[in-house]
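As written, the chain order gives the labels A, B, C and D, with residue 1 at the start of each chain.
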Amino acid sequence: MSAVVQYAVQGLAAGSFYALAALGLAVIFGVLGVVNFAHGAFYMLGAVATAVLLDTLDLTLWWSLLVVPVLMFGFGVVVELLLVQWLLRLDPLYNLLLTFGLTLVLVELVKQRYGVSGLPYRLPGGLQGRVDLSGVVLPRYQLFVLLFSVAVCVLVWLVMTRTRIGMIVRAATEKPELARALGINVGRWVTPVFGFGVALAGLAGVLAAPFRAITAEMGNNFAIILFAVVVIGGLGSIVGAVVAGFLVGLVEAFGQAYAPTFAQILIFVLMALVILIRPAGLFGRQEATT
Amino acid sequence: MTQSVITQAPADGADVAVAASNPRLRWILLAAGLVAALALPWFVYPPVAMDIVALALFAIALDILLGYTGLLSFGHAAFWGSSAYVTGLIATHYGLPFPVAVIGGAVFAMILALPIGYVSVRRSGIYFAMVTLAFAQMVYFIGYQWSDLTGGENGLQGVPRSFFGIEAVETDSFYFYYAALPILLFGMWAAWRIVHSPFGRVLVSIRDNAPRARALGYEVDKYKAVAFVLSAGLTGLAGGVFAISHGFVALTELHWTTSGDVVLMTVLGGIGTLWGGIVGAFLTVMLADYLASSGFHGIDLITGSVFVLVVLLFRRGVWGTVRHQWNSRRRRRTTSGEGTGR
Amino acid sequence: MRAAIRTRALTKVFRGFRAVDEVDLEVREGSVHALVGPNGAGKTTLFNLLTGFLSPTSGTITVLDEDVTGLPPERVARRGVARSFQITSLFDTLTSREHVELALQGHTRHGFRFWRSERLLGRHRARVDELLEQVGLMPLADKQAGLLAYGQKRALELALVLALDPPVMLLDEPTAGMGIEDVDRTIDLVRRLAAGRTVVFVDHNMHVVGSLADRVTVLQQGRILAEGGYDEVRTDERVITAYLGEAEHA
Amino acid sequence: MESKRKWACASALTVTMLLSACGGGGPGSSGGDFTGDKLVLAVLNDQSGIYKDASGPNSVKAVKMAVADYQNKYGDKAVVTKIEVTSTDHQNKPDIANTKAAELYERGGADVILDVPTSSAALAVANQAKNHKKLFLDVSAATTALTGAQCNKYTFQWAYNTYLLANGTGATVTRNGGKKWTIIYPDYEFGQNMTKSFTDAVTKAGGTVQETIPTPFPNENFATFLTKAGSGNPDVIGTMQAGGDLINLVKQFNESGLKDKGVELAVGLMLINDIHSLGVEQFAGTLFTDPWYWNQDPEARAWADRFLAETGARPSFEHAGNYSAALQYLEAVQAAGTDDADKVVANLEGKKVNDVFLRNGEIRATDHSVVHDANLARVKKPADVKEDWDYEEIVAKIPAAEGFPPAEASGCSMKP
């Protein structure tokens, strides 16, 4: 029994990364209509920045959790202004292709600058060690990741529901026709929202730094699973992205525990099932028939 | 959600029918292309020449979906790679002449495309791209783990090149090129036939405006699925020849980067042009070949930048731009009253 | 006389908003039936429901006594219901001729013939010419739709609907954005086409409604407000109130 | 010449399809002892991808060092004066490796190809070597297939193979007290094979493998697997992960608390460059097989000093392996007096060798596996590191006879 609880918590902790990053992906998609292929690369940059900041400026994880998302926000804004915005009026596939190319460039640049083996990172003392929750022993950091990302998701949710900006973004994401009807000008929020989504991916990267290999390629596989996550959750849905993120984490963990050979395939099977039964995703808005 | 249409704005789209509008030009182009294909191995190392033509068919097959149906498949490596494996397995275990093995591979690719296509075409546009990518990744994992069959990461080695006992073809890649070329040219012809058939007309209408096509009574999903399967079959032909040409199959053929590479070729050459696939494949393969011994390391830096630049600045691609220039010059010369009639 | 279209308690709810609310509509076979109502009354939603582009939240739809509730658009189209679109909806890279050929082929299975030349479509030539002639597009037969003027596009829309030769035609604002001359020409055209068919159309132009419709159904906020002959409806007080409220927008 | 003949043939072919008329044609020999009067050593490896640091450009430099040493040693007596070293980047793509190998043999005048990381690429190159009857000295690829089912007369595996990695670590650690094992391995060919070798080695040395846990590849999250592995209270967790997955696993192992409980981590393959990039802290205490360590003895260290001066880095075993392979090839050419592949192979086969890299080395004739003593190493604690690149403590020697599979067991048959 305690093993099941342990797998569940581990699954949710692994799902935290997906949830945070998918949240960013969903918001970007909602407001810009862009599927950001480079999301995995931004996740990678978040982790690399964390490692580099520790190495050069001795910034610990606590600082990185603050600083890196801000940096990534700035980077996202630059990317949006320099590249993404020029294609917003065209078919969204062009931005998919653009961000795909951007991914190749970013990964290669990191490889050239920081090598292929990866970067070192040390966990701050306060987060080392384990906690014992009545028989279920968990690394303290894993628990931290889980609680922290749930807190971030809740915070984002509060911003989305309680602030004017949040309402606008949510309206644009989930009810575009309503946003249009209300005459909300989403235009000036496009750039900051892209930055915000990138910052979330970067934040997931910061959280990954102490626990995962920080390499140029770390975002590649992550991005593909992320796509499965948002297809499962429904691209137009903020809640869907978060829930599907945690769900995929759970599927992964239990798959690994009980059917390791099929753990990775399971996620894609789940995706196929969702498409067959609910094409718009678990929480997706039913599109007008294509 | 706007319907996904990866074409130019209508005013630019005006050249789509033009290649067909000048039959003489078309014959000249065809003849030139054929001569180029026959002459290629004299100027390029024959195995590299084979790669170019095989990848050109791959890009063309992708263009049936991307350029003519408006579907971006980011998972075509699944068909390319699985056909390569099946071709390799048939050639290895049954010792059949390679064209037979290649056809076997292509048939398998089509069979694989059936369920994947059935599920994927339920989503269009961006979703389609993501879903195909995810499925291809699934196929990749299966290839990785089923090492009894695929050889895992060691690859399927020692695929023979059996061809009716004709030794020149079996051992010399120069002659092999000419033996395999007809298969690939057939594939290209088939792609051209599909695009310029009643079926192709429906595909274009789906690309331009799927709801309208439905209102005309067309079962859009079925058409998309058939296009998907046909595209997978042609991709399979190319992948099979590629496997025989190299004499082995590696897992990279199933990897998503292979899907990305072929999308690049298609976009670079020009979406919705067919000829663009050939141009794109030529440029991409020659670049990789050149970089291998150039001392510059970091091919993705170039590939990625090219992608970004093409998408930002030359969305017509190389061939598309050339054709556009040609047509606008021609339009200026002829009087507008003639229209673009055929 | 049997009903070409009959709906029973047809309802469509979008996230709590009842766009079409318990509508019982009956369109007699062979009649020309107009749907009118202020913006947001649910006319286009109703059209989308009737043609399968939306599936209803509840209620049923029958076309010529056959249940078509929940069928996809292409199946509804094959049951003999053809529609035009309010916002011009064409294939930008195809020529007018190619459009009509495509529409003529829609009924057949020939669309799957990927091994044949598209010249096969030339078999429809006579009929294509006839249809293009009818809507006055013959001189522009080989021009790409994306390059046509607005009125020409509307005409091509009609040609497409005609090509399907449907027992039931649904026209969504056939005269929207047209100049007076074009409007009159279109009225003539629709009147000619209506012979032997059932036509349902939406239009804001009361002149069009008045000259074409045998019967008029007035929708408001997703419900049927009134129904009857044109003159009957025109003088209905509820309708006047509804339209007066709308007047400043009109 | 050759191309003219082809031109004529192919022109005929395009017209009449007289395919069979144009067969045959041997390699164009210039008549001397050396084709083109020179010797070409072609290094074909990954200069840009994940194998760049461990081998990559510095392997080319190592080969150049070998050429210089050969020329210094023989001076005027060298049988060939013109020696070229070329470098080709296979971009970690097996297709490109394959095509480039053929091109190097056919058109680049290459007498030998060296290195070639990634097993699928190396196996393809081995095939090209066989077809072109030219040499291939594999250094970086570890698959046992090269000296087993897919061995051939012209291919040698110089530095190591998966059997060595598994057997060395498995047997030695068990003998040193780690009796109860749990193995975590990536579920693909390499991982499956190594797990088999590992299990054999552990059992033979008197230990038990309680559980083997397959994992997906690539994989970021090992928490579940580690929980499972830890539940059996093993002495040692053996892992066959490599690259980024290995780092993922080690990081998560460190946090899992298993280390504090005294569970050791034994790794199949680890490269000194990984330790260098990531710091010893993460890996401290980890056991692994190192076929060669730059500070294992004064001779190795002396060469490593030269290498450092040349490249600015300490050599990995792959760099040293490339040096050794190039040097022994040149020695064999010197002895044979020609670059004729068959004669060079005859000279190499069965030779007992000692050099900077090979200790008690033997170039086995039966399967062309170059066997030699290797090391079981432990990653040092940060406090014990005395200089840059001083990361390993040699725990035990793994004698050649134990580290490598017996020749009879290889399944290699040289007959074409």
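The rule is short, and it goes like this: a residue touches a chain if its C-beta (ideal position, glycine included) is under 8 Å from a C-beta of that chain, and two chains touch if they have at least 3 such contacts.
Every value quoted in this text rests on a predicted model; they were computed, and no experiment measured them.
Peer 1: Chains in contact with chain B and with chain D: which ones?
Peer 2: Correct list: A.
Peer 1: Compute per-chain Cα centres, compare each with the mean of all protein Cα atoms, and return the closest chain.
Peer 2: B
Peer 1: How big is the gap, in whole Å, between where the Cα atoms of chain B centre and where those of chain C centre?
Peer 2: Computed value for the inter-centroid distance: 40 Å.
Peer 1: If you average the CA atoms of chain C and of chain D, how many Å lie between those two points?
Peer 2: Measuring from centre to centre gives 72 Å for this pair.
Peer 1: Just the number, please: Cα centre separation of chain A and chain C in whole Å.
Peer 2: 45
Peer 1: At least two partner chains per residue is the criterion; list those residues in chain D.
Peer 2: 48, 52, 187, 216
Peer 1: By residue number and range, which residues of chain B touch two or more other chains?
Peer 2: Touching at least two other chains: 7, 141, 145, 211, 214, 220, 298.
Peer 1: Residues of chain A that contact two or more other chains, please.
Peer 2: Residues 111, 261, 264, 288-289 of chain A touch two or more partner chains.
Peer 1: What residues on chain A touch chain B, complex-wise?
Peer 2: Against chain B, chain A makes touches at 35, 83, 86-87, 90-94, 96-98, 100-109, 111-112, 224, 227-228, 230-231, 235, 261, 264-265, 268-269, 271-272, 275-276, 279, 287-290.
Peer 1: Can you name the residues of chain D that touch chain B in the complex?
Peer 2: Contact set of chain D toward chain B: 3, 6-7, 9-10, 13-14, 19-20, 22-25, 47-48, 52, 86-91, 93-96, 98-100, 102-103, 107, 118-121, 123-124, 127, 131, 143, 145, 150, 187-190, 192, 216-217.
Peer 1: Would you mind writing out the residues of chain A in touch with chain D in their complex?
Peer 2: On the chain A side, the touching residues are 3, 6-7, 10-11, 13-14, 111, 115-120, 122-123, 128-130, 137, 139, 141-142, 208, 210-215, 217-218, 221-222, 252-253, 256-257, 260-261, 263-264.
Peer 1: Under the definition above, what is the set of chain D residues touching chain A in their complex?
Peer 2: Checking each residue of chain D against chain A gives 48-53, 187, 213-216, 218-221, 223-225, 227-228, 231, 243-248, 251-252, 255-257, 271, 273-274, 276-279, 281-282.
Peer 1: Where on chain B does chain C make contact in their complex?
Peer 2: 7, 9-11, 13-14, 16-17, 193-194, 196-202, 204-205, 208-209, 211-220, 223, 226, 230, 339-342
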